[in-house]
Amino acid sequence: MWNFPLFPDQASISARQVDALYFFELCMAAFFTILIFILIVSFAVRYRRGTQVDRSHPPVVSRWMEVIWIGVPLFLGLTMFTWGAILYVRDYEPPPGALEVYVVGKQWMWYVQHAEGRAEINELHVPLGQAIKLTMTSQDVIHSFYIPAFRVKQDVVPGRYTSLWFAPMKVGRYHLFCAEYCGTNHSGMVGWVSVMEPVEFQQWLSQAGTGPSVAEQGERLFVQYHCAGCHQGSQIVHAPRLEGVYGRPVPIQQGNEVHFTLADERYLRDSVLEPKREVVAGYQPLMPSFKDQISEQDLLKIIAYIKSIGAKEATR
Amino acid sequence: MPVWTLVRIFIILLVLLFATVGGAYLPLGPLHFPVAMTIAVAKAVLIVLFFMHLLYSHRLMMVVSVAGFLWLAIMVALTLSDYQSRDWLKIPGK
Amino acid sequence: MTMEPVTADRRSAGKPIAAEDEPILEVQFDDLEQQHEASMLGMWLFLATEVLFFGGLITSYAVYRSTSPREVALASHHMKVGLGCLNTVILLGSSLTMALAVRASQLRAHRDLLWWLGGTMVLGTLFLGVKAIEYTAEYQENLVPGWNFQIPEENRATIEQEQLNPGRFQMFFVLYFFMTGLHAIHLIIGIALVGVMAYLSWRRWFSGGGATQIEVTGLYWHFIDIVWVFLYPLLYLIDVHS
Amino acid sequence: MSAVAVEFQEREDYLQEYTLKSWLLTTDHKRIGLLYMATITLFFFIGGATATVMRLELMTPQGDVLYSPDAYNRLFTMHGVVMIFFFLVPSIPAVLGNFLIPIMIGARDLAFPILNLLSWYILMIGGAIALWILIFGGIDTGWTFYTPFSTMFSNTMVVPAAAAVFITGFSSILTGLNFIVTIHTMRAPGMTWFRLPLFVWAIYATSLIQVLATPVVAIAIALVAVERVLRVGVFDPALGGDPILFQHLFWFYSHPVVYIMVLPGMGVVAEIVPCFSRRPIFGYRFIAFSSIAIAVLGFLVWGHHMFVSGQSMYAGMIFSMLSYLIAIPSAIKVFNWTATLYKGSVRLDTPMLYALGFIGLFTLGGLTGLMLASLAIDVHVHDTYFVVAHFHYIMVGGAVMAYLGGIHFWWPKMSGRMYNELLGKLSALIVFIGFNLTFFPQFVLGYLGMPRRYYEYPPEFQVLNVMSTAGASILAVGYVLPLVYLLLSLRNPPDAGPNPWRATGLEWQTTSPPPVHNFDEPPVVMEDPYAYSPEAAEALDDNGTGDGGSTLRR
């Protein structure tokens, strides 16, 4: 009964950093609360009615005291802001080479898709010591992907991608919660994150029942949705080749001007759903929109495929 | 306030209205919006100062009338600060 | 028309009866000046509230226009610029008549007051009439979201070609109808208010000519005008030259 | 002294008429204040009942008390809607503000008495709709109405709830407008701005927020209703909308609304602390201006509710930094109140106990608020019980403590009667202990990662939840107790006298209960506020009265 936890597991690098800031702020909060408490109690006791103490000329204003209790909170506040902001930026900027995992939230479950092909529901298996980048979207309402042990959280918003990364540092099973209220079974939209030794993780990935990798599935969909017809060596339709596109700037025709846009997940998603908005310079806006034609899960797989051929050299 | 002043303000307002409409048909490029808004603000100021007698009222009323628009500006500015800076970082969702 | 000077007994017994043809001093106030200033300040504060009331819509408009300029511009081509301009003239004219009514009430020019208040109501109603013509035309063009909205034939190709977001195209009309509709509701309230003032002035109900009441009504009326002064360029004149 | 008291009691006071009509058609600000008090007491206990059932449900990790998560979701939504829109927002401004503002500035009534009555009726209409929702189906969106859940997915009474919030908003706006006009135009001769009691300053700042913020939530909620009824896209991404825009509009009101709730409480504390320390308040001008600063800065920080919402990182940083600025006026207030005890002549009567409780709880609530404004910490604790604990420290530990303190302080003025002091102190103590036991464990739960609005939770969180539920039951006793003894005190003859606390301020210079138009003669203000003297209080004590010259009866 008495062995309940009072502090969450520290299972990622950022957890340690966030906790350091948390303890700093906690000490400050405790210091000021206790300071005020002691002052109130000691004044109330010392100056309670009937005690023989000096009450002459009670001060009614003191400039320098006001300056102190404006200046000190301001300084501490800005410290907290700077420290918090630095960690915040680190929390969302994934290091290069992070392992890609795709997440789709829907009422009331998490659909998780590994780049290597294995998909899971309400579970997320990750290897120890490796940076993991999640690209997430929702099919219906706003959800929020929350792993307390890693101190990370990000709302999952319908209609767009959001992202999150973490680097697990401790083997174990940790809670996965939906933190944004999403309807009836909000409290049932929970799961587990399993951090495994890299070797075990590889075994898990290749266990029976594993289908083709996401990129392979994406490749199949790439043909199924007739993307390949134009984007792979067609002689009839002139469409840009996609090898080596991901992560590089692409020239976009806008009126008479050309400007460059980074081909990231956002660009690829928009190019599938609204292809005529950002057309690569030198090509005709011929591609039809796939809006309402393709599910979020399939779209993620196709993007994973395009990313997988991103590393290859474009062959013309 | 003399009738003539009010009528004169009305005429200026009409002129400004036609300036807005005319300006909209000119090829001003990105200047359309600022021009249209400047004229609209000018019209609003004239109405407030003369038709609504703010010029002859207590200074407090002036503060109140500015406050409404100032708070609107705060709301629009801080909201747009989010939307305008959304794609600055190439991180999805940030 | 009854000419009895009126009021103390007609309103509430027990309040101090002011000298004839002086505004009634409500019991909570010390003097007429204080009472007048309180009324004016109250109305100005209410107008500040109103600015923020429309402000929520203006913010939504700013967000959607800045993130989808092309869709908004395309959609705004369906606005009737001429009718909107005519309506602006009408509403500016009504502001002039309202200002003249306020002036007449201060000068105790009773007949003029009634004429100007009547003129204001007529112009306000005229505005609503023109607005109704616009709404009808938009209804016939199937542009009313939630009722019969369809993306017009001539825009479909463009939207398809440039891969625009049809939702944002419709969004312009949602905001258009919400903003102008809210404005029209304010105008209807304004006309009713002016009507009540005209009726009460006609019955000589106001002790002291009702200058404060009519001035406060005037403030509200001019505010409606100001809202339109901004709505017109924001909704109608986005992209007319192309 | 007693002769004077008798003479006072023979005169008519504002409570003299007792017909139903005299209450429902009154334009007397004092009676309207009491109408509000009755209304919000009802809503407080409705909101409290929903909270009690929720806490019972959360005693065990499984859902067992309520059988269905839908019931739980409706309960916490109704708890939020009722407590915020129908209790906290009208609590101190509409009850104590209505009763006291005109008296404190030496006026006969508010500037627009009929409008004031109208505000109450508007609240009643909104409240009636809320009760109707509560009885016939409920709503499950949370009080935040986040889109697209509220517009496209919820199957509950969202539109009536939107109507209730929309309508009630106007009650709040009109009340605030009335106060601002009154404070500006109707101060008694000699009542300069820097002689105003700090309660008036606080209510003035509150009213600014009410007038400038409330219309925005009204329009946001109207847009939700439009999207829901007409199925057009305003916020739904499937139809071209942006759900984050709703959050912007919503929090533009709903962050400042926190200050609508707590600023008046700060005003109450600034009245009580000097009176029971028998000395002038420390740093009057700093406290006065910090109220205005809070009102203004409160509008610039709403994005700190959206750090993980998908808002841009830069906007997050702007809002985080601005959030730290608002800590400063709050710190100024806390330190100045504390310094006011120094060299005073302190007595711990019931109102003072509540006020000191407020200072302590508000300090902790405010400091945890700073932790939440810290970006990286907020990523972890956003939407967890840490947030729940934080805002309950501000709203229950802050606003409700101050409201109860104010009610105890001005009860003799409102009713003319004293309450049982022993029970009063007991209730203050029970509330303080119960409150901390309820909400302190929630900080721990929050950092452990328990998300809010959870019907079921992992079993390792149970012990802390049981502690919280136990605290809630103590808290419930603490809240029922004042209702009982305050109502019982009405059976006594009006014996409080005009000034039982020997307080300064115009409200104590008229009789208890005050006459219909507040003063027999128009007051003229000659001195600064809080002209107390600790030495005089001690000297009076030496005369053998034993209670600092208070006319208080035991």
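Going by the order they are written in, the chains are A, B, C and D; count residues from 1 in each one.
The working rule: contacts are C-beta pairs under 8 Å (C-beta built on N, C-alpha and C of every residue); 3 or more make two chains touch, one makes a residue touch a chain.
Since we're looking at a predicted model, the values are computed, not measured.
Undergrad: What chain lies farthest away from subunit B once each centre is taken as the mean of the Cα atoms?
TA: Following the centroid criterion, the farthest chain would be A.
Undergrad: Determine the centre-to-centre distance between subunit B and subunit C, using the mean Cα coordinates as centres, and give it in whole Å.
TA: The computed centroid separation for subunit B versus subunit C comes out at 17 Å.
Undergrad: I'd like to verify one number: the distance from the centre of subunit A to the centre of subunit D, where each centre is the average of its C-alpha atoms, in whole angstrom.
TA: 37
Undergrad: Which whole number of Å gives the spacing of the CA centres of subunit A and subunit B?
TA: 40
Undergrad: Provide the list of subunit C residues touching at least two other chains, using ranges where the numbers run on.
TA: Within subunit C, the residues that touch at least two other chains are 37, 41, 45, 48-50, 52, 55-56, 59, 63, 67, 165.
Undergrad: For subunit A, give me the residues that contact two or more of the other chains.
TA: 92, 154-155, 157, 160, 162
Undergrad: Of all the residues in subunit B, which ones touch at least 2 other chains?
TA: 60, 67-68, 71, 75, 79, 83, 89, 91, 93-94
Undergrad: In graph terms, nodes being chains and edges touches, is this line, ring, star, complete or other?
TA: complete
Undergrad: For subunit C, which residues are in contact with subunit D within the complex?
TA: Per the stated touch rule, the residues are 26-30, 34, 37-38, 41-42, 45-46, 48-50, 52-57, 59-60, 63-64, 67-68, 145-147, 149, 165-171, 174, 178.
Undergrad: Considering only the defined contacts, which subunit B positions touch subunit A in the complex?
TA: Going through subunit B, the ones touching subunit A are 87, 89-94.
Undergrad: Please name which positions on subunit B make contact with subunit D in the complex.
TA: Against subunit D, subunit B makes touches at 60, 67-68, 71, 74-75, 78-79, 81-83, 85-86, 88-89, 91, 93-94.
Undergrad: For the complex, give me every residue of subunit C touching subunit B.
TA: 37, 40-41, 44-45, 47-52, 55-56, 58-59, 62-63, 66-67, 81, 85, 88-89, 92-93, 95-96, 98-100, 102-103, 215, 218-219, 222, 225-226, 229-230, 232-234, 237-241
Undergrad: In the complex formed with subunit C, which residues of subunit D make contact?
TA: It comes out as residues 102, 107-113, 115, 173, 177-178, 180-182, 184-186, 211-216, 218-220, 223, 226, 229-234, 238-242, 245, 248-249, 252, 517, 522.
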